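Naming follows writing order (A, B, C and D), and every chain is counted from residue 1.
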């Protein structure tokens, strides 16, 4: 009796990890050559893994939904004859074995595993008898540019009828030959369409609705395009511990909430930004790239990205430097309401020197905000999440929030941007400083 | 006499294989079609080419076999020396041709194609005038398809006429010549020369190139060369014809060394190639982009002029009937609105010499020239049982496949009756088969086809029968 | 005239308008035979009176009188009459064909037939005429086949101009008939240039340029006069003053109180003013001018006074701007009728002869039309192939035109 | 960057006697007319001041004395008349070579050029033809002001039936003029007056180098032709293709040198019908294209060139097609050098083409 280890195949295109989608067998099952053992998936394609040999399943390499590195052990089988693994390390318990210390998947071993699964990175490949010497078949590289795609006349005719250019269809057949199944897959857009469910939940829909891009939507599109085309963005993400800040905020609302209005995090962040730009004046600036002039502004007019029914608008809190958090909060509320009801005036919607954008509860963990041209920086606020953190050797639950901020690399160097964000982080993590400076 | 006028959607000039197939397919697709043919439906192929030559070759073989049985046949058969009435052989051949051309006419009629018999003259890209003998008929069309085929090349120094004939006349001999000189040892010259030899004539070849069948490689030609020697056919290589002999019975020739001599001959067959028929019907008036002497086309058979198409020998090599037919069918489908392209993986070429030669796809030399790393393997018919039972052990089957993924890129074969193997060869290439596919297919025993499987096994390194 | 009267713009107005009978006294007609015939080498100044007067041979009694009488023989006069009638019958037939949509367009020369006919007879073979679109009588006089004219009018497959020109825009180098241009007066400097070329080469051929009264306002007309005078070009410049340029009365072209012929004198060119409807006068004056040119004495300007009896073209209705019956009381009458009466008076012609000739010519024109239509008409699509559209743009067809024809697909 | 003369004459039908002499463009043009007046007695030359005086630029100097007043003579100041009579002469069978003193004065002759000369063969289906040549000194750079500096080639390239030619050096000037006179189609022969005496690279502050001392000044004395419809690769290069003609050939050469860009300069010589094959081959090679002409920008001939390059070389283009032209203003006098597209503006365009 020998052991035959089937490793996670290299599915091409430099994919490092592959997720196990479904096991078709359980330990102890007897399997026959070519029988499909598992479904694995990359973001490109779902691939069935057939058994190259007859044998009985000894161990599965991981559980469903787990990602395994290419070359990692997928399945271990007991087989007649020598098998392809070194002397089995005793009865292998089914707990996930750490890779034996120093075990490096030598290239030819990977080669062998891969060689055993001839053909391109998709389904049933002709299996080779285990005894056969490794056939001189290299891993099926995707066809070279300019090389004619291999396809039978019937497939070619059907492709023409479907208006498909065969060059773009991955062929699963031998030597990359394109089969009817490949065409179906291509037509279905890479995913195998699930079997049509009897009830209506999965009924295929074919309607489409054309929406003209006009008015505010057109304006937003143009500004976004202008910003993306003209400004070489770079985004800097930093994690901020807002536990203290949140605690302070709650206390302030408890004490002054009734007469001065409730505070959200935003006014505090604005204060932090106001303070931080004093040490990094380049940030609170506008860059006219045609006249090649950067204008640093003393006043800090902060644009607040606000979602309205018509789309994204950016009302501006003018002279944030001259406002305490409550005044900022009130102004934000006023502007947001005006914007949402389309009553915000042109002045209220322009003149910002820096912008803050936040998706509130949907903050996500990281974002890459687009700078509000012609400004040079934008601070994005991600959601707050409570997570275990190591503090002085102990594990503590802390409220953590990411700041994803983009900068115009033409005028803001990485160090300056980082310095600015660290300053903001400093203020937020020590909220008292917001009121001292 | 003022012209009568007519109009149609598709007008096809030329009723040969390309033209009539295009017309039939167009008819099937409901496209109003007119086909103009100046001579006989079926064109060169049916009337003075493929079909009649194969018939003559078959008759010559039969006669040759009988003659061998009159001699020392190993089969132990003894007959009296046979005689042949060439006139009735030609009549038999004409019968076949008649049935086929009749068949084409019926197919065209069935599919609603209007056939106009007469010589077409192109007035412009959408108007053709046909002289049916009576008032000229002027037909306007939306799509003009040029399928005028090719004609035999005439040597300026040895014009056709008298006892200097082209393949057309050679296929309808009233008498057999005592000594036939064939100028040109290409596939047409060799097919007919061997046939005439088997019919009893003395045959001598004069070929300008350094060997027979210059288009094919040495390995394939060698068995043919030995066969000629065995049949007692004389061959002058690197020799050229200067003109008719002074007494008008033979030709003046200059051999490789430059010495001139006279070759007496009762009849001289000039078969030095064919050229596209581009004159005599106003084609030059369209000012089309040309490709040398051929009409330039793209991979949908479009010429440079909008809605003017060209197919078959008129458009270039290989000048083969089955290429023209495939192109004709495709053009009809494109005109019907379908998306089609003429991108075959390979087009088989068969030479009905004795032994026969088949070439499909790349030869080893082609692969080397294109820089494709290939494996190539032979399987000799000498090791094939069936070949032995057919007294045809000369020749071999050769396969050429890519070394990296074993995809077969070429098949060649020379040997008795190998022409029929062309089907297996071209299907394998068209389907993108690998050596393993052919090796893994059970071929019937005992057949010549087994050599195909064995050639594939040999390429994989484990042939069984050699 | 007191200084204080306000200024006003004088815009010439014809005396006759629809519903208001024309007073033709402005024509200043002189009695036949009263105008002296100077020698051809007369100085241009001495033609001033001729340019203001009017040379006439046929008097009101239809007799040929005065020094300008060319004393023509019967054959030539009959040929003249025949040609004028043939032109008029052809014109009438073509107007009908146009109404039947066989032609897209036509222009008659009703009432002016004598000028082209007699002038052509006075010229020699090889002399080159540079006509406008109302001198088809030149072609009739030189017996250009009706079939060729008709095929041009029908733009069919036998149209010598391959369907490229508007009907009536003939071009017949062999008959000394320069290709007609739609642009007005361009042919006048061209005629002078042709004459200069003939002079440069020591040839004996002369040129004859034609222009209507209206087109004399074009700068090309005055340029032609200058170049003709400067180089003493062997050319005859004919101004056919038929009173109307579409709806513009000849006064608007500058004919009020001064004759067009007078312009010639002003440019240093011998000039004559002649009764255009008098076959004999036209012939005589044309001979005079041709002889002067061929004697290296330089150009002559002749104003042929006549009347455009028909509309400008098949797209015009003159009753909108002039009295419909104006021709009936035009003082110079109908050129065909006057010659006919003169021939009858001389005993060379009779009413029966006239009727027979009318019938014969109508049959000839009808037969020619039938034969031409067999080669197709504009509407039945048997027009020259669009492929010929790309030829003759340059002598050799350049590559970009070959490619464009491929794109057209014809 | 020496462009040897032989390669240059490739494609030129040369019956030239071997003897060449240094000539300015003026002398070369005169020599062309002298040769043709001698060879073909149908050739006549006339125009304002071209007879006894020999032309305001001395181009026809001495021809009347040699061939008499029947062949070379002055004409009244009437461009319409000059061209109109020339059409008549051509219809007779002569080969008139007329001069319009300054290209700026061609407008009164437009009707005779466009409606008559250009259309004669077509409208008469070959019955009448107009084998005439109209010479017009054109272009600026000589403080000529509004009406002595214009480059009106775009008017003519828009008219089918006309051939439009503009030489950039004495050798081409003579060869092209002889070809134009011998050609049976009407030819508009534009002569960049700033190049009459020597090449001009746009640096107006530098002294003029006479053609006599320039490699392109050697001109064969006898009869030879440079083919119409054939562009010349004035300077081979790989980085960017410059499509230009006339004076701008020399400005482009200087601009490329100063910008240090290996530009391939195509001297079109015949503007229409255009030698598209040479243009496409070059742009496909370099993948970048700059079009340069003195004439005003909008609807200039450069627009046609850019359209053709876009149609035929789109998938080879790596940068937008640049056009360097005169501004859309009448040709100024004192601001000559602000208007004239000099080496700086051409150099800037070359750089933009390289950087996109």
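Just so it is clear, contacts are C-beta pairs under 8 Å (C-beta built on N, C-alpha and C of every residue); 3 or more make two chains touch, one makes a residue touch a chain.
Nothing here was measured: the structure is a model prediction, and the numbers come from that model.
Of all chains, the one whose Cα centroid sits at the greatest distance from that of subunit D is A.
The most centrally placed chain, judged by C-alpha centroids, is D. Interface comparison, C-D against B-C: more C-beta pairs in contact at C-D. The geometric centre of subunit A is 62 Å away from that of subunit D, both derived from CA atoms. Centre-to-centre spacing of subunit C and subunit D amounts to 42 Å, using the average Cα coordinate of each chain.
Separation between the centroids of subunit A and subunit C, computed from CA atoms only, is 88 Å.
With centres taken as mean Cα positions, subunit C sits 70 Å from subunit B.
If each chain is drawn as a node and touching chains are joined, the picture is a simple open line. Contacts between chains, counted with the stated touch criterion, involve the pairs A-B, B-C, C-D.
Taken together, the subunit B residues at the contact with subunit C in this complex read 2, 5, 123-127, 285, 287-289, 304-308. Looking at the complex, you find that subunit B touches subunit A at residues 338-341, 343, 345, 402-407, 430-432, 434, 436-437. Per the touch definition, subunit C reaches subunit D in the complex via residues 128, 130, 160-162, 164-165, 169, 171-173, 178-179, 181-183, 186, 188-198, 200-201, 207, 219-220, 223-224, 226-227, 230, 392-395, 398-401. Contacts from subunit C toward subunit B in the complex involve residues 374-375, 382, 385-387, 397, 402-403, 405-410. By the touch rule above, subunit A contacts subunit B in their complex via residues 126, 136-138, 140, 148, 150-153, 156-157, 160-161, 163, 173-177.
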